[in-house]
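Dumping the structure here so I can ask a few things about it.
Chains here go by letter, A, B and C, matching the order in which they are written, and residues are numbered from 1 within each.
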Amino acid sequence: MRYIPLTDEDRQAMMATIGIEDIDELFADVPAEFRYPDLALPAPMTEMEIMRELDMRAAENANLREFASFLGAGAYNHFVPAIVDTVLSRGEFYTAYTPYQPEISQGTLQAAFEYQSMVAALTGMEVVNASHYDGSTAVAEAAIMAVNIQRHKRRTIIISPTLHPQYRAVLRTYTQGMALNIIGDETADNDFHTLIEMCDKDTAAVIVQNPDFLGQLHTPQEMQDLADAVHARGALLVVSTDPIALGLLKPPGEYDADIVTAEGQGLGNSLSFGGPYLGIFAFRKKYMRKSSGRLVGETIDADGKRGYVLTLSTREQHIRREKATSNICSNQALNALAAAAYLAAMGKQGLRKVAELTWHKSHYAARQIDQLEGYEVMEELPFFKEFVVRCPRPVAEINRYLLEEYGIIGGYDLSQDYPSLGNAMLLCVTEMNAREEIDDLVTALDEANAPHIRLNLEASL
Amino acid sequence: MKFDDYIYDLSSPGRTGIDLPDPDVPETPIPAELLRDELPLPELSLVQVARHYLRLSQKNYAVDKGFYPLGSCTMKYNPKVNEWAARLPGFTAVHPLQDPETVQGAMGLMYELQEMIGEIAGFDAVSLQPAAGAHGEFTGVLIMRAAQLARGETQRHKILVPDSAHGTNPASTSMAGFTAVQIPSDKDGNVNIQALKAALDDEVIGIMVTNPNTLGLFESQIAEVCDLVHEAGGLVYGDGANLNAIMGIARPGDLGIDVMHFNLHKTFSTPHGGGGPGSGPVGVTAELASFLPGPIVALNEEEGLYEWRHPEKSIGRIKSFYGNFGVMVKAYVYIKMHGAQGLREVSEIAVLNANYIQARILQMGDYPVPYGHRRCKHETVAQGKIPNADGVRTLDIAKRLIDYDFHPPTIYFPLIVHEALMIEPTETEDKETIDAFLDALDKIAEEARKDPDLLHGAPYNAPTRRLDEVRAARQPVLIRLPDAKVAT
Amino acid sequence: MTLKYDATLKYAETDEWARVEDDIVVVGISDYAQDALSDIVYVELPEIGSEVSAGEVVGTVESVKAAADINSPVSGEIVEVNEALEDAPEIINEDPYGAWIFKVKASDLSELDALMDAAAYEAFNATREH
């Protein structure tokens, strides 16, 4: 009887109104052979008991409040001010439905409109939607949108090998029934020149990431040159970026990207073991009607007062059905609200400062590590937040040492995704990493390379 | 143009919200060519931020505020213990790429949730990766595609979709590269078996069914539908949006469904959040298990450890990482607290409440109930066609309900019912609220007959009057930035 | 509300009207169509220069709640589109038979024989549910 308010009296009265004597009568049309299965579920628990269980389960996880972490690779430990959760905890926000009745959803709608506006400012783009599921599906939706814009006459999508491996995988999953060619990432060496050479009359779009999965930054000039070359060949440029980086660095809108996507988790959303996250999705106004995802627009009511509504809904599934620009129904409303509250609280100066702290700490870490014997930072281009370290031994072994001896969660092992890099680790340093943690990391890495340690680790694995 | 509560108009140059520490490391110069010139974000104090969002929230209706009888949305109470659980640092401050040995608690929760959903709905394997219902649907269609191709059935390209289906069904079909073929419903609201037989051939991948369907009715011939489709070499996809009607009553997997998505944010009480995040896990039969998107959590019984496993013939990754874990926690708590008996009671009372509403509306006589000759399940569909009130449409009735402090039901869906009003009370509503809602419907019918213009101008008591959606679509204003950097 | 039918035009079952000017066929949508859509907010115009076949979808007319395909009644080349619709799509609501949408240089004018006259189209509409 957990959350069911009906008393026995209520039930009797209601059954009398319906004209039944037993609730079973309401299920008479369910075939008898399938009716009332026994569900083998654990015995029910009270709130007190479940809280105890969850406390224990949560305690089984090494969490980043207790362990220093240098893991990134698409999910980031950035600072979340307390006010964000205060906003998200308002029952009026989190227990509200999709704002299909705008007159009683102005809170949700205005917050979403403000999110759209702030992200437009951040990315330098003209239109932003109310969000996709995450950075990976945003890339997939961008590719589909590009094919739509090109009126289905161009069937090739060129992707950079330094676009997040999971994003490339999701793109391929999404498009497996669409008869598209996805090329460009056959080898990790394909740089912009190669991608441009691949670009031809059948190319709908070129998708790159900046800063890329390995943390590498292309200069605005390089990006502008790429955009110009791609446009000259009749294709669109899609750029997947990082929203914290945009607190400091030139946004893709200013180097003529057509569609900009990003993982927005770093803006006010916790790591939460991989989700729910936030698919930032921005594009040029002229492509607006081919876009997917919800859009909030400004309008007026019958008294001439400003208000907000969902708009351009004819693109969407509930109206356009099989001809919709996508099947997407929901957005990540609460995560977008978190991002908006974060941007509002941090503001122009705060976001820039977060990006600067991230810059200084990550560069400091890189310099220290590069000086270690056996380690080499692969830094041909400038980087933001993440950098690749070539290691003297398998990353899995080093990370085990870091964890067991120092309680440090090390960087991402790149050997599966980029085997040509050898024993390489993708290290992420944000404003959340204190200097002591970084210094400990450097010490730990150094120790992990020592000969006597080598023997111990090999024995335990 | 300045608005008194628009976020950018609250801004003042130099104001800061959050202070951050100075760098505790030596600084590294940032090449000037990389830098942006301006960053046009607002500059607010924290007091302003707190007030701004609190005031915005107060303009919202919400389940925590009142009744939300939205058909097919299952707007039940969102338990607060779920929120507490999802916020534990042991869940929020955990990185998805951590070594599995350091996240056994999270993986164990996911594993158990996979198992419990499979048990509730009758499926052998479950993936929690899809982020929403529509995402789960798309996943399901891709699984059907992969399974047919693996069988060598390369000529199949059509998917049968009932005319009562949610728009995401045909949209997902198109995204997978297939053609949606519509199957009509019969006079009892079931899939028309004759039409189904006529449509089945060796080009059909399968059928997408919702059971109970969007008319709120149980497809009593569901077993026959599944048999017919299977005999023709097709697969059956189940849209699980309406699962709240049949937990512990019947298991879709037992009825013959091969692949199904679930909406944790409907049936399993996780909050809607103003539009998301949701979570749309997919369950499949043993035959289709190897096609699931991955990775999923598996239990290595020898070592007693949870590990990540990619199904051998997986359609691939459908999202980064593992799915909306923060939402999964909430559904997990809900299911563990209810157990089998609790979930059955949820469905029984959800159906009781809906039938009570249907019976009362029929008695009132103001609103036709086209399938009122049948017992509905968790929702009932009425029509906003009040006798002797020709000038009033469902839209007006919906807007007037707002003045009575109720969120309107779902309107104009399903498409096969003219002027539809789809009402789903859920099991967490008390009788007083339901009676008050019915009372309001009755009063509105009276108003419709006596003073239709009153309804045309509704709502009057909401934060705004009726909003001009035509204007919003003709001249879209989608962002508003200072210095007239307004996009349209 | 009585719907209007222009007796000088021909009509398709998909609600387009057609008027012939030498070998150019001028196309718009009927009063029945604009009434069903209600306030039109956007028209996706066909591409000038594109070759189309009779019955092919060449564009869309959108209102807030619906989107309707525009089918070309004849085969040929799209030679002109009504650019006034870009800024004021609502002229279709105001004057459906005056607000043309596109012009096709027809490759086979006999395709027009498959269309209905005003009386037949009106009778056809009587059988449809609105």
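We take it that a residue touches a chain if its C-beta (ideal position, glycine included) is under 8 Å from a C-beta of that chain, and two chains touch if they have at least 3 such contacts.
Note that the structure is predicted; figures quoted are calculated from it, not measured.
Novice: Please indicate which chain is farthest from chain B, where distance is taken between mean Cα coordinates of the chains.
Specialist: Taking each chain's C-alpha mean as its centre, the farthest from chain B is C.
Novice: If you tally the C-beta contacts for A-C and for A-B, which one comes out higher?
Specialist: A-B
Novice: Using the average of all C-alpha atoms in each chain as its centre, how far is it in Å between chain B and chain C?
Specialist: The computed centroid separation for chain B versus chain C comes out at 37 Å.
Novice: Let me have the rounded angstrom distance from the C-alpha centre of chain A over to the C-alpha centre of chain C, please.
Specialist: The mean C-alpha positions of chain A and chain C differ by 44 Å.
Novice: Quick check: how many Å separate the C-alpha centres of chain A and chain B?
Specialist: One centre to the other, that is 20 Å.
Novice: Which positions in chain A touch two or more other chains at once?
Specialist: Chain A, residues with two or more chain partners: 313-314, 319-320, 323.
Novice: Which parts of chain C, given as residue numbers and ranges, touch two or more other chains?
Specialist: Touching at least two other chains: 42, 62-65.
Novice: Quick check: what residues of chain B touch more than one other chain, meaning two or more?
Specialist: 469, 473
Novice: Applying the document's contact rule, which stretches of chain B touch chain C when the two form their complex?
Specialist: Within the complex, chain B contacts chain C at residues 412, 418, 469-470, 473-474.
Novice: Report the residues of chain A in contact with chain C in the complex, numbered from low to high.
Specialist: 151, 289, 313-314, 319-320, 323
Novice: Which chain C residues qualify as touching chain B in the complex?
Specialist: Where chain C meets chain B, its residues are 39, 41-42, 62-65, 89-90, 129.
Novice: Can you name the residues of chain C that touch chain A in the complex?
Specialist: Interface residues on the chain C side: 42, 44, 47, 62-67.
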